[in-house]
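Both complexes below contain subunit A, partnered by subunit B and then by subunit C.
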Partner chain A sequence: MARILKVMVRKGVNAAITIFGIICLNYALLRLMPGDPALSLTPRDPKYQGLAEYNRELFGFDKPPWEQFAIYLQRTVTLDWGVSYRLGLPVFDVLMRDLGWTLVLVGTSTVATIIIGMVIGSIAAQKRGKPFDILSTATGIFLYGMPIFWLGFLLLAVFEKGSIVGHYFTWWPALPSQGYYDDMLGPWSWDGAHLTSAAQHLILPALTLTLGTLAGISLVMRSSLIDVMTEDFVTTAKAKGLSDRQVLRRHILPSGLPPMVTLIALDIAFVIGGAYQVEVVFNYYGIGWETIQAIDNLDFPLLQFIIVVGGVAIVLANLVSDFILLLLDPRIKVT
Partner chain B sequence: MHAVDGVSFDLDEGEALGLAGESGCGKTTTALSLMRLLPYNGKIVSGSILFRGRDLVKVSDLRIRKIRWKEISIIFQGAMNSLNPVRNIGQQIAEPIILHEKVDEDEATNRVGELLELVGINRDRRRDFPHEFSGGMRQRVMIAMALACNPKIVIADEPVTALDVMIQAQILELLERLRKELHLSMILISHDLSVMAETCEKVAIMYGGKMMEVGKTVDVFTDPKHPYTQGLVAAFPDIRGQRTMPASIPGDVPSLINPPSGCVFHPRCKFAFDRCTAAEPALAEVTPGRRAACFLYPGVPEVTPRPMTVEAR
Partner chain C sequence: MGATDAVVRSGVVSPFQASLRVALRRMQEVWARIRHSRTAMVGLAILVFFIGMAVFAPWVAPYGPIDRVADTSNCVPGVTCPLSPPSAQHPLGISEEGADIYSQVIWGSQISLIVGIFSAMVASVLGTAVGLVSGYMGGWVDEVMMRFNDVVLSVPWLVLMIVVAARIGTIDLLGLILVIGLTGWSITARVIRAQVLSVKERLFVERARMIGSSRSHILMRHIFPNAFPLIFANTILTVAVSILSEAVLAFLGLSIYNTVSWGKVINQAIGGGALVIGGNVWWLIVPGLCLVFLVFGFYLFGFALDEILNPRLRRR
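Up next is the complex of A and B:
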């Protein structure tokens, strides 16, 4: 345990430094972007020119860059992330709201992807070269290679309410797709109608994401298991008289899982970043959708903290995966 | 492709048989076939493996799983890769014991301790992982593991390759001692003839997936009958003699994908004559107790495609 603690402290310090780096770089990056936010907040008509100056002062763009940076740092730490130019709402509140819905969408599909992908991958590895393997690999690559927005459009065309197929067959699913839930229900509350509607609205975007990213998990799972299967210790395990199932559970999976841990951790980190394409196609107002809006509107305060939150998520996910790997693989040494 | 063909030998209780030959001549494939452990792209096409009156080629998968390790166990070549890197050695040695014998965990742990001591490793190290041992120690762990269920036959597939000479001697001595003590039958696979000479009563020489000569070790090495065996023995340096380069056999091991016609050894054989290219010699008795596959000896028949047979009594 001392070994694990020691590594974790060191990795934790590294992660903290990385996060600070992200915060600094993020500041620099957005200031280097072309465009003047004060101007973009001002109507083009020359008679509003005074307003641009007013905005510049209001948001502090007239202060020297180092002072702006100091204010930025202080407010980042105190979670006072400013006000979104576009929405006029505190950035922190906007992000938390979007994050919630993004977690629902991308979280559902990521969990589904991981479970289904690992199952398909391990069956394919065991049946290498057999029809199941060939079919699942080909289908996986086909879906993975397809642009995900295109896959989304296809699913919309076939399964959305009012689709051409539904026109001919009344039993055909007619799924809603715009927004989190049916707007006619009014503001969100935890009742049956809202929950049902939200679940229905979730199906198409979550299906799109799952189908489009499934191969990422299943193919890595398949190849990492096949790698392990050809190892000598698997022959030893078979020679001991273990059944194929026991060999898989006791020897192949424990050695084949480490590469999956890193992959899954990163997948989970990207959940926080949202799924830009799918959220836009289905008008699912999560972090991804908000990011696109923020870019379009040069909404600096919102954009910069979307980036920070995404970056921090990846650093933390790496930290967690390092920790799990440390538990799984005794060969990882303290250096 | 026939990786191994026309292999035939028998092994008595308590006896050690050496399987010798150049790299890629089918020694390991023969060993894996004995336990029906060929990789997914290989299979036994024909032949029989008789173990205590039962044909291992024909028994059910469940049956063979019960025979594996309990009756026949194997020590693999690279002990680093043959031990699971993410499980400690105690778990790995206990695994077959728990699988094959109705014992509880304490009993198994106790057995693991005894086995480790048998091969000269402190029993407290059972919680250590393979990477925490040296090459020689790992090979000892592998040996302890092979003996876990008191098997009748132990196959040792190049047990000392990749170890330095001192450790080689230690491991061989250990194997020899354990074999005598536990009255094991052993099949020792090696390309090192001196290893064979020291440990095996009988030796079988393989070449190109076929068996060239089988007989008592002393006889085979002092009076080799097959030209290939003669070449092998001549290639062996005599440390007491003059310092000269040992004689080598010119040419390379044949490709098994496209094997030569007739006798597999004829392209490299200095005694080859026209019959050797036309037909393949069968393994047949040339002097009492000695079999060789060579037309130089009268009465050696030609091969009709023949099954692989291994017998153990």
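Up next is the complex of A and C:
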């Protein structure tokens, strides 16, 4: 147990170093870009006057670079992230509000992806070379190569209210496809009407994201299990007369699962990347949608911390998966 | 690596040439297996089709990528432009800017392939270099490189790429290739590093170390040739990822201004009302299907190669 703890501490330190690296890289990249950084971080557009002054003061854009970097680090840590130009609200508040909706979308899709992907992958592995395997693998690779935004538009075209299909068949279901709940309901509150509306609005974006990322899990699950199936201990288990089901549950899954955990963490990064596209297609006002708006309005105070928040989310997902992996399989070496 | 020694002994060749010959010989063995893999051959057929489309685009496409075939000077795009549906003369209709969409789709294959292949090469060379050095050197070099790799892997590049583009305003072909290539090497680096770690422990490397071979000699003559097939398969998969990256960037508005790519055609289709009732749906569907099939081709070929090159996956 002490050894596991030691490894965990080490992984935690590594994650902290990575987060620090992201914060530094973000600082360097945004300021090394062509153009005058002070100008894009505090534009002279009269409508931003007060906000620009505030941010200039906060991040010391008139100070020498090393001092600016120190101020930037301090502000990052104290969550004092300046004010968004587009919204005129503190960046931290804006990001926390958006993060909630993005987490709902990413969370739903990730859970669905993992469960469906693992089931399909393990059935395919068991029926290797049979029609189910060939069909699911081909479909998987096909979906894997599909641009998520394009898949989103296809689903939108088929299922949105007044869709082309719905135009010809009146019984065709129409799903809401814009925003995260019906605007007619007024501001958000935790009542039945809002929750139902939010759930309906979640269907299309979450379906798009799930279909787009499913194959990443199912294909690797399949090859990971096939890998284990060729081991001698599986042959032994079969030879001693266990049923296929018993072999799968007692011998194949326990050794085939650990690599999946790492994959799932990597997949979360992929899902977050896909969420940007899905949010834009369905006008789902999460971090991804906010990012595109921020870019269109050159809202740099918001942008610089969107990158930090996105990076930290991915690092934390990796860290959690490492911990789960350690608990599942204590033999893992420190790498 | 008896093969390498034999090549060196048989004639006057440099060690690098020798290692290249070993790599080539392994590639020939691999080719023999590819011909027997239905998956790989289907993938290859798809690739040949699209490469043909790209190479012969100037002769196949009836019009240039941004030629105006209809007069749109008197209308406001998106408001009053007449949307021209598919016709015999323009199989996929005419875009809002007055271009022949069928021609645009054919020309689009060039950008997807060029950007995909060259960014993948940039990413592979970088990733291979980092993976080889990191895996072979170990110690603090490995530690520093892997932490940096973690950072690169975790930064939301999509956002950064668009920010870069928003700052520059426009982007050219080289810029696009570099942006995708320089941000896509970290997974390759991890894969290669893992392979190096396992090759490093094999007996022939141990033997080479015993007889006093230098580090760079072992790396280039023994480890690189053994990792080469994997690097090749990985590059092909990276091409698929790069093609998708280009499409996403184009969809979000970052594309080369004086030509078209499939992502850009889709972007224009959405802006031009392809999804409106009575709109030209093929404008959205055809370039998307081209993207899907091209990426599918690279994945099929890449996965098949991976299965051929990774002996543990082979059917026993």
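Things to note:
The criterion applied here is as follows: the second predicted complex is superposed on the first by the 298 of 335 C-alpha atoms of A that agree within 3 Å, B and C clash if a C-alpha of one lies under 4 Å from a C-alpha of the other, contacts with A are read in each partner's own complex, and residues count from 1 in each chain.
Here is the rule we go by: contacts are C-beta pairs under 8 Å (C-beta built on N, C-alpha and C of every residue); 3 or more make two chains touch, one makes a residue touch a chain.
Just so it is clear, the structure is predicted and the values come from calculations on it, not from any experiment.
In the superposed model, A:Ala269 lies in contact with subunit C only, and not with subunit B. In the superposition on chain A, A:Ser243 makes contact with subunit B only, while subunit C stays out of contact range. When the shared chain is aligned, no partner comes close enough to touch A:Val111: not subunit B, not subunit C.
Touch criterion met: A:Leu154 reaches subunit C, while subunit B stays clear of it.
Which of subunit B and subunit C touches more residues of subunit A is settled by the count: it is C.
Shared interface residues of subunit A, touching subunit B in one complex and subunit C in the other, are 230. Across the complex, subunit A is touched by residues 147-148, 150-151, 153-156, 158-160, 162-164, 166-168, 240, 244, 247-248, 251-252, 263, 266, 270, 275, 277, 281, 284-285, 288, 291-292, 295-296, 298-300, 303, 312-313, 316 of subunit C. Across the complex, subunit B is touched by residues 128, 230-233, 235-243, 246, 250-251, 254-255, 328-331 of subunit A.
Subunit A meets subunit C in the complex at residues 14, 17-18, 21-22, 25-26, 29-30, 33-35, 40, 141-142, 144-150, 153-154, 156-157, 162, 164, 167, 219, 223, 226-227, 230, 269, 272-273, 276-277, 280, 291-292, 295, 298, 303, 306-307, 310-311, 314-315, 318. On the side of subunit B, the complex with subunit A involves touching residues 32, 35, 37, 39-40, 65-70, 73-74, 76-78, 81-88, 95-96, 99-100, 129, 131, 145.
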